[in-house]
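Which chain is which? They are A, B, C, D, E and F, in the order written, and residues in each are numbered from 1.
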Amino acid sequence: MSRIDGRTPDQLRPVTIERAWSKHAEGSVLVSFGDTRVLCTASFTEGVPRWRKGSGEGWVTAEYAMLPRSTNTRGDRESVRGKIGGRTHEISRLIGRSLRAVIDYKALGENTVVLDCDVLQADGGTRTAAITGAYVALADAIGWARGKKLIKATRQPLTGTVSAVSVGIVGGVPLLDLCYEEDVRAETDMNVVCTGDGRFVEVQGTAEGEPFAREELNGLLDLAVAGCDALSGIQRAALAEES
Amino acid sequence: MSRIDGRTPDQLRPVTIERAWSKHAEGSVLVSFGDTRVLCTASFTEGVPRWRKGSGEGWVTAEYAMLPRSTNTRGDRESVRGKIGGRTHEISRLIGRSLRAVIDYKALGENTVVLDCDVLQADGGTRTAAITGAYVALADAIGWARGKKLIKATRQPLTGTVSAVSVGIVGGVPLLDLCYEEDVRAETDMNVVCTGDGRFVEVQGTAEGEPFAREELNGLLDLAVAGCDALSGIQRAALAEES
Amino acid sequence: MSRIDGRTPDQLRPVTIERAWSKHAEGSVLVSFGDTRVLCTASFTEGVPRWRKGSGEGWVTAEYAMLPRSTNTRGDRESVRGKIGGRTHEISRLIGRSLRAVIDYKALGENTVVLDCDVLQADGGTRTAAITGAYVALADAIGWARGKKLIKATRQPLTGTVSAVSVGIVGGVPLLDLCYEEDVRAETDMNVVCTGDGRFVEVQGTAEGEPFAREELNGLLDLAVAGCDALSGIQRAALAEES
Amino acid sequence: MSRIDGRTPDQLRPVTIERAWSKHAEGSVLVSFGDTRVLCTASFTEGVPRWRKGSGEGWVTAEYAMLPRSTNTRGDRESVRGKIGGRTHEISRLIGRSLRAVIDYKALGENTVVLDCDVLQADGGTRTAAITGAYVALADAIGWARGKKLIKATRQPLTGTVSAVSVGIVGGVPLLDLCYEEDVRAETDMNVVCTGDGRFVEVQGTAEGEPFAREELNGLLDLAVAGCDALSGIQRAALAEES
Amino acid sequence: MSRIDGRTPDQLRPVTIERAWSKHAEGSVLVSFGDTRVLCTASFTEGVPRWRKGSGEGWVTAEYAMLPRSTNTRGDRESVRGKIGGRTHEISRLIGRSLRAVIDYKALGENTVVLDCDVLQADGGTRTAAITGAYVALADAIGWARGKKLIKATRQPLTGTVSAVSVGIVGGVPLLDLCYEEDVRAETDMNVVCTGDGRFVEVQGTAEGEPFAREELNGLLDLAVAGCDALSGIQRAALAEES
Amino acid sequence: MSRIDGRTPDQLRPVTIERAWSKHAEGSVLVSFGDTRVLCTASFTEGVPRWRKGSGEGWVTAEYAMLPRSTNTRGDRESVRGKIGGRTHEISRLIGRSLRAVIDYKALGENTVVLDCDVLQADGGTRTAAITGAYVALADAIGWARGKKLIKATRQPLTGTVSAVSVGIVGGVPLLDLCYEEDVRAETDMNVVCTGDGRFVEVQGTAEGEPFAREELNGLLDLAVAGCDALSGIQRAALAEES
């Protein structure tokens, strides 16, 4: 049984990573997972937030947002409503944690990188596309800063690579990299963030309908680990190109 | 090697569930996981939010908050700051999803239950204590409403029970039900929500330091499933008492 | 004619003061006036707000809030609404002023005590219970700080004691310590804050229906002074116990 | 011993009430208590807030605010800060309650009057000037509405008149109608709102320094009642003029 | 064809400028353009905002607001709504830019002047009245500061004068200084800010209905330049009086 | 003397208009004026805001925003700050007014189009690029709705076309379509919105340094009218293509 867009259950959507998309940011990536398109910019600044001053350690944080008409129905702007919704908060925190998992704060020194992940078009998996793209933007920003000698340490502040993918059970079948229509129908939905060596940074599984059993969880984890491994290869290839 | 408070790695803290704590709420529970104390009230009201009117289905939602001095250092009130923080949002959403996993909306009918989980004293595991206590408050509120004939359906709107526990790896050892001091030192931190029959509603694991391997994840899940099973027994016992 | 709960007009509800309720706060009291239950915590910190730095004087302030389901009908959280209501503001200010009336700022030194008064269950008189309980929490926090030598002055920063009670005219009869049902029906409602030696810190009387005459005001003040004197004794007894 | 501005202790500042100050409002008064100048406008609209619809009863409410440079030092605008301060809330509520004390809601019918009291220049006693002026604006708005037959009842919706004055103890001497410099130095500060027949609507006394004794309270009440009586005469005279 | 209030197309409404209206502000003006009345206060303070510290240059800024009942229908307070509307922002920025056009920041030195323009009564042209009045208040505040030697430079910080007027096409006829009724019916509406020597500081023209042609624009500019010239004379006359 | 990027004074930057950029919106355009890139989406919905219901007339409105790193230095998100800045408000209003100038509300019927203009990369002239691109997105959304028979009237709701360009005086020379570096150095800055037939919808000129003379204003208007005419041709060409 094939999927809505003809993929096999363990197949990613076409993934593209376009580096140096923006002229201003120290790192910038337009990442696509199928029709999901996220602009990830990495802003490098010297100095750290007040609570971290004098520690000799850097900081990495992220903000996620959706353009009002990135989705099928226009959503109100959070700036107009005057507050950030719970989902936005949650995803911003997830992206930040995921990237910090591969940062050596001491090697980064007292510098800050802010990742802005703005969803230009949404079709499921925006948070996993954001993490996957943001990693590349982060790598570019760190490369830029090392080139400018803004990072003093000689060792690489990135201790590994990180990518993310969604998996879910739809109609009883475990699927990799859900598009929006699959996501809406999923009984169980899971986002998994892995390092390039196949270990876990985040595992977030939610039963949307029926609770799920241990073997289902195991099946989803298998799919996700393989998916992250493939994404990791795409990241490497993108970073190998001249930007 | 014993834990900071003398427990074995797979031992829960003393858990107490005090029902009918408040005279006003349709269900109210003061739950303790060791020194963590959360007041969970369930407010039953006829009617549903506007977007659900006419559906014949009910709604269950939750709000989590900490008293300013529930922690070791006083925190600013979110009402004074004028906005809700990301962590608060995230936990409120988690509690709501967890309880909705065992609700039959049709059987509930067009009624709403709001769970308020206010942390009176925090010592790690506030979200898991909140879910565990809120389930009991919810069961009481539904029992009250059925007694009052406010719920029309004859079948039980609760399709199961739900409890939650934290697990984590501290100093390389997987531990059940972390207290604050353990939580701060954990390399990996996971919150697991299970139904009474041992299936998963939510699995949220985060690497605080090193990424974690598949076998570590498995070990944590084993601990958590056993912990939730024990909590499930405590919930049953509490509900068996005359409230 | 007896009152709804069988009290005589000049009788307080059962009042209990439970000290050291919370493990984190420097002073913490669960105070009950009948079914009204308020958790009062006193947070002692070295240093003062910016506008007071270098003055050699301390500061005491208070924040009052109600849990959403402390009342018969659930109220929206002020943190969710994003702003603090007028009533909350007014009561927070009243509690702060009342406690500052018995503080010798110089003796306190450049230290701050914040009183958090969170109403866990409301049945009328929450502000007067809050003041009465907060005084005891404040005394404990100051005792703690003197024990830790965080307060340099040798003289006691507390210049007296303070307690508060509500009085009102219901059905033409002046009553002490109104419960919610009486409060709703009161023609005149007054909150009085007294020091232990019977002088006034605050007198706030409001005609809810008919304006009130001078002799009615006098009758209410008589009742209130006697009530505060009794509360003052209960505070002394509580503080005399080993906490 | 004479006062800073040469008044005797029981003397009001020069009080003026200028009606029909604004061309748009149904009632509008520029009231001065010495250098304190408050613009009070009464906006009459048919209909009532949602919670009162169908009751056959009207509503009266008030909003108080200070222009940023009405005081000696410029204050931030509450609109710019994005929230209303506690003092503003407290005074708005006081003004609203004071005016509602002389309103027959049934006679007003389902109509609303909003009183806006904007302090153009502050020199102490802004809330008492606001109440005194707002009463006259309210009377004018009601007169206008009765002239337009917008109020159906034949009986007068105003059941009396209301005015307010501050009193305080400065240097041990009870004084009437404190100007700013006296207010700052007052040991005890009291705002009293009376009806024209000398009964009390609000009594709010606060010890700014030492707690105050019963006889001091009595002395202040005597002064305030006489002051309100004089203000009541000034209101009557203003309303007697052709507006 | 004469205008609604009998003026000729190129005639200003009666304009009055009352200086020293408020006892607290360093400069204060009540300006009237017909029934439009705006209270403009200039608050002089030593020091500049943080981003300008150490530059040796001063700063001038403005805030515009309308009293709720300055208009025919009562508007909600922006402080109550918790945010400032777009129109308010836009006009505040326009007033600030207009006044800064005649300021020599170096000569002002590290001092700040804040202009508050509060509309007490609105009848069209509130922003142009505000600019015209604010200039006089600013001149008074600067004169005050020079008298107090708070401004160190010997040269005048004001490099010119500034005034503003609205023009518009109503029923095909270009009119000067529109009152509210004309403004509502205008096909094109323009606000023009000029210096005393007839040059432009701001030109803001908007087609409310039909787009407007170049010759219409030219006709409006001619009217506006003449109007500003007349206002400039009124400003000079006001400043020539003993304040 | 040539410009920083080699253009002649009356030359536009390369302008591109990419239609149907987004799969969800009824109209969507990625517009570039040189390095300035704005994503304009037009969301068509049946129905109008409450205040317009029953009028038989439609509504068009716009929201403008910048991505945090669209500029050289990262700016805080307005959603995080919790309020919209004055500049954002001002530009959103300008875009909305400009597009409404070519809308026949009756022909549009009770339908709403919201234009979202999100700046992906900024290099001067973001508001004029936004207006120029938004017009095309609006035309596409209206075309879509007419195709779907959601617009009942047979006549075209668009009464003309609209485009916008910035002009300014830099180093004494009037220049068309300023890039960021020119904009920063401009003595006078003007944004002009024209219809396709060369008439004016908006003229907003501001002296950034010296006030400007009538002949300078005339020179700028000449440049702007020619620039808008060229943009109008580019819009026509874009709309002529198969989207």
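In this text, a contact is a pair of C-beta atoms (placed from the backbone, for glycine too) under 8 Å apart; a residue touches a chain by one contact, two chains touch by 3 or more.
Predicted model only: the values in this text are computed from it and were never measured.
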| task | Could you work out how many touching-chain steps separate subunit B from subunit E at minimum? | result | 3
| note | Across the interface between the identical copies subunit A and subunit B, with over half of residue numbers shared counting as same and under half as different, the residues used are same
| query | In whole angstrom, what separates the CA-based centres of subunit C and subunit D? | reply | 28
| What whole-number Å value describes the gap between the mean CA coordinates of subunit C and subunit F? | 59
| note | subunit A and subunit E have mean C-alpha positions lying a whole-number Å distance apart equal to 51
| query | Among the residues of subunit B, which are close enough to touch at least two other chains? | reply | 82-84
| field | Chain order, ring traversed from subunit B with subunit C following | value | B, C, D, E, F, A
| request: Under the touch definition given earlier, write down the residues of subunit F that touch subunit A in their complex. | output: 22-25, 28, 35, 39, 41, 43, 45, 63, 65, 67-72, 74, 77-80, 82-84, 88, 114, 116, 118, 120-123
| said: Which residues of subunit A touch subunit B once you look at their complex with the stated criterion? | reply: 83-87, 89-90, 92-93, 97, 101, 160, 190, 194-195, 197, 199-207, 210-214, 217, 221, 225
